[in-house]
Amino acid sequence: MRPGQGHAAGVREDVGRCIYELAAELYPICRSITGNGVRRSLGILGRHIDIETTEVPSGTQVFDWTIPREWNIAGAYIENERGERVVDFRESNLHVLNYSTPVRAVLPLEELKEHIYTIPEQPDLVPYRTSYYAERWGFCMSHRALQALPQGDYTAVIDSTLEDGSLTYGEHVIAGASEDEVLLSAHVCHPSLANDNCSGLALLTVLAQELGRRATRLSYRFIFAPGTIGAITWLARNEARTERIKHGLVLSCVGDAGGPTYKRSRRGDALIDRAMAHVLKHAAPSAVIEDFSPYGYDERQYCSPGFNLPVGSFQRSKYGTFPEYHTSGDNLDLIAPEHLAHSYRLFLAAIDILENDRVLINTSPKCEPALGKRGLYGTIGNDKGAAERNMAMLWVLNLGDGQHSLLDIAERAGLPFATIDAAAARLEEARLLVAPDVARD
Amino acid sequence: MRPGQGHAAGVREDVGRCIYELAAELYPICRSITGNGVRRSLGILGRHIDIETTEVPSGTQVFDWTIPREWNIAGAYIENERGERVVDFRESNLHVLNYSTPVRAVLPLEELKEHIYTIPEQPDLVPYRTSYYAERWGFCMSHRALQALPQGDYTAVIDSTLEDGSLTYGEHVIAGASEDEVLLSAHVCHPSLANDNCSGLALLTVLAQELGRRATRLSYRFIFAPGTIGAITWLARNEARTERIKHGLVLSCVGDAGGPTYKRSRRGDALIDRAMAHVLKHAAPSAVIEDFSPYGYDERQYCSPGFNLPVGSFQRSKYGTFPEYHTSGDNLDLIAPEHLAHSYRLFLAAIDILENDRVLINTSPKCEPALGKRGLYGTIGNDKGAAERNMAMLWVLNLGDGQHSLLDIAERAGLPFATIDAAAARLEEARLLVAPDVARD
Amino acid sequence: MRPGQGHAAGVREDVGRCIYELAAELYPICRSITGNGVRRSLGILGRHIDIETTEVPSGTQVFDWTIPREWNIAGAYIENERGERVVDFRESNLHVLNYSTPVRAVLPLEELKEHIYTIPEQPDLVPYRTSYYAERWGFCMSHRALQALPQGDYTAVIDSTLEDGSLTYGEHVIAGASEDEVLLSAHVCHPSLANDNCSGLALLTVLAQELGRRATRLSYRFIFAPGTIGAITWLARNEARTERIKHGLVLSCVGDAGGPTYKRSRRGDALIDRAMAHVLKHAAPSAVIEDFSPYGYDERQYCSPGFNLPVGSFQRSKYGTFPEYHTSGDNLDLIAPEHLAHSYRLFLAAIDILENDRVLINTSPKCEPALGKRGLYGTIGNDKGAAERNMAMLWVLNLGDGQHSLLDIAERAGLPFATIDAAAARLEEARLLVAPDVARD
């Protein structure tokens, strides 16, 4: 059996549950673009797969950017005059403006409000806000809770530190038969947001476990890095090796009921773009496929013109378009094992294409070969499957001219790649198809 | 007058009736992929056009296939205990499984049923079934008739032979000014099916008569061969001459009220593909044009990757999609002179394009020439025809730059090829257009 | 500031009114393809911009054509037996068949009718008719007025001359930094038709005034010539200089409420075609964009195959499709300052693209540059404009690879060229974008 072939059917029944539970374990941690939240998260992933962690000191120049000071937080709250905590970081780490400077101050409600972020249109949700590059302190809370606060003095306490330290990212590599790499990347910088962070980290970890069990043709590099600055840092430190990256996916928001959404790489017609479009066409009819745009997740960096890597982006609901996006509504209720499993299967199907797409040559190209005498031509009758398998064989033979890969053929035939691949395998066994180098001998 | 030009209008009024009557004469014969049914059918065509017949012995290797033993049948029936024939080959040759081995046996109804084919969903129709490459005996009948049979013993008799002999095909060639050939092919292996066989054989014969009366630029090769094995045999014996084939059409089911349907050649943009699409656009608005697929009639062989000939496929209703397909419903009531005549005119119009498409050069390319002073510019007024003729002249002049053929121009102008061709002829007379070799002098 | 940049906002509030008043001044003049009407019209334009007038004598050969004799008219009328004028050129110059030979005759109504043109379907409108190349005399009138004429004798008087003279056309040139020219052309041969002539002449004149106030990169050549024969004459006399013409527009009917309509040049993908399509997409959602066809206005000559200049054609309502076309209904009520101003702004926006489209190179192509630290990244919040400006910067940086011009980027981003151009200007100031020659140093 060729490396990577035919494993898709072997997906564990409970894969969605496994991913969900790992996402749930990551969910409570207060992550940011630096700090111990990232380290703890990578530690959890490291219990499932080997994670190589890199620490890059504050102040390091990475292309046009500088690694910022490291942020950590021990706690935060707002107390009213009666000593009651009206907002508390222990309830949700979203309550603190991410990267907030430390503060300990007593101030009247009106002054406090200048440091409070809410969403008036969604009065029951706490927003997720950050201030990485402008020093500022602040709290986030529901608009309804803010409106319920009586006049009076409040004590605001943020027990955070912003000091020289380092930025942390993690990698996991699976060596395949070839040095050609598939880059799979998820951001690890969002605090308690289940879909927009935890889902991607958990899915990639379980995917890495699965691929680790296979003998693959391609190598796989998993990157768990803080958004933007983390991807930039990785690229700055690995510029020379980027030429090995032949395919890639940035993923996030892989656990909700929406979409799915695939955004093409900047190249637009890379094999990953065609593979994802093919898989979605057959396995996710509601999918939306979008052209590249320079806004989004870390495909922005991988697809910057100086790299222009063939890296697409996958989400279920597109960022910014679902009401829970960047709010406390993006919690463990928003994601579900079935959606995580669906996303996971889509990736495996796309990986099957990356692994197995190939050109084969018809050794009997003048007229159709007599399939019947070889027992290859299934009885058609009412068996739709047999008819499809026969059509797949006819297509692979007809386009087995050295000009068409199996994915080309699957697209032209309108059949799933797996069906075409299986037909090709049968015809290879019968020596009616051979690899181009064999055909030349 | 150029060869082939301007004959379309000369189509006989009664052409549909002529084709229908010839199809009706062919209809009763029991054809198969070998045997006397093919020979008798070619004999009938041979009364109208010269047919060169080729016999290829059983056992001959043709590419990956072997010519099978020859099948012939004298009669067949099922008799009940009272000596009544409940099924009789004399009523319809569809009643016998085509290529059935001989049998003479008495057996109870339940055992007999294992050898009987019906269509439960279409209980009044007799199916057409074959078993060319697996030795088997059987009968076909209507499901209703089968259900009416009482229990009891039946005598099944098939008086057939399956012996070394030969496969037969026929050819008719019209030599044109050039050795470049147009291949026109219809299968001659179906028994009493009017649309799926007889219609195509009859239409091609009448078309050959018409083209034989013309002085054509191209040569025309008509092939009347058994499906699949016949086309493969022809290709195996004529491999060297296939390079002369510049255009081709496989046709079948040309007499019913549906479609029409054109399936592009494997190349997809051959001149025949463009010519047929053009003709259908203007003369058959309900037409469906499909991309090539490797299932269908003998275009499967002509378009196999080792040949990849520019051969498309034409039907009215597409095979497999009309309820009478491969049943006793495909009888002389399914086809009609008007539909046969329509198909015939479409082919002649496409042939006019193959014959007359050419590049012409505007001898007065800087600004428009003054058409009025040459009496070429028709009064427009309310005369839609004059307006279209004027537009056709303007288009031919504007695109007469050596980069556009008349068909290119017709497509760009959205006008029928015949209109563009006529405008070009007027401008050639006025020396405002000349052939490229003249322009270079 | 680069030449030509950023002037679009400086359009005078009253530009529509200015154009309208100039059109109204031109409206009463009886123009034809030769004669004093053209000279008087050019004289009026010459009070606003410098017009260089060329006179080409009757009998001069221009490519396949000959300059005709010059036509002038002093008056014309039809008088009934009581000496009452039932038709009078003084009321409308449309009443005379344009280029009518002189006549002075008394004839009964039935004979007179052979020289009278009406539109029975539009009985209240006077048609505009010409007979340039066939000598004929005639009158045009409303069908209702014709029907009201009682039997009797009528005196028909046309006081015209058709004598050797010359054909007249006018030019205005604005020299830019480069010799590359933009050709802007309108016909000056129609008598009292407001939309189909006067609107285009007036708009071009006001546009020339505006461009004359700017320092442009490109040179601009305005041609005011009689339709067909005038454009042919200009091309015949300026054949060598046509290679300077890099972009062009023929315009007419620019003042009514319909369309707008843009017809692509024969090339189909010239920069002017892309610029007009881009501008119309963003500023005129109801616009219709048509492929080139060889019928219409003087693009027929500019786009003849011997020249094939990148010249498109702009109208609001397309000629021949609005009921007032070539009738007395095409009067000053049909056009309005707002529509004239809208057309004018569309041209200026397209010219901004012609002037400013360019390729720029991202000097920080590996990952995104840190826009925030340069103060370039606007706060998004609810500011849709800031979000669009940010997106524009990201697009220009991402596609700033030397392969994409600003128009390419605007098309890909789905943003107006002006937004992309402004983002590029900000990034050029920050030295994040530079010209290709700078990038190579």
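Each chain gets a letter, A, B and C, in the order it is written, and its residues are counted from 1.
By our rule, a contact is a pair of C-beta atoms (placed from the backbone, for glycine too) under 8 Å apart; a residue touches a chain by one contact, two chains touch by 3 or more.
Please read these numbers as outputs of a predicted model, since none were measured by experiment.
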| item | value |
| --- | --- |
| Cα superposition of subunit A on its sequence copy subunit B - rotation in ° rounded to nearest 5 | 120 |
| Equivalent interface positions on subunit A and subunit C, same or different at half | different |
| Computed distance of Cα centres, subunit C from subunit A, in Å | 54 |
| Residue numbers of subunit C (touch at least two other chains) | none |
| Subunit B-touching residues of subunit A, taken from the complex the two chains share | 362, 364-370, 372-373, 391, 394-395, 397-401, 412-413 |
| For the subunit B and subunit A complex, residues of the former touching the latter | 62-65, 133, 228, 231-232, 235-236, 239, 266, 291, 293-295, 300-301, 303-308 |
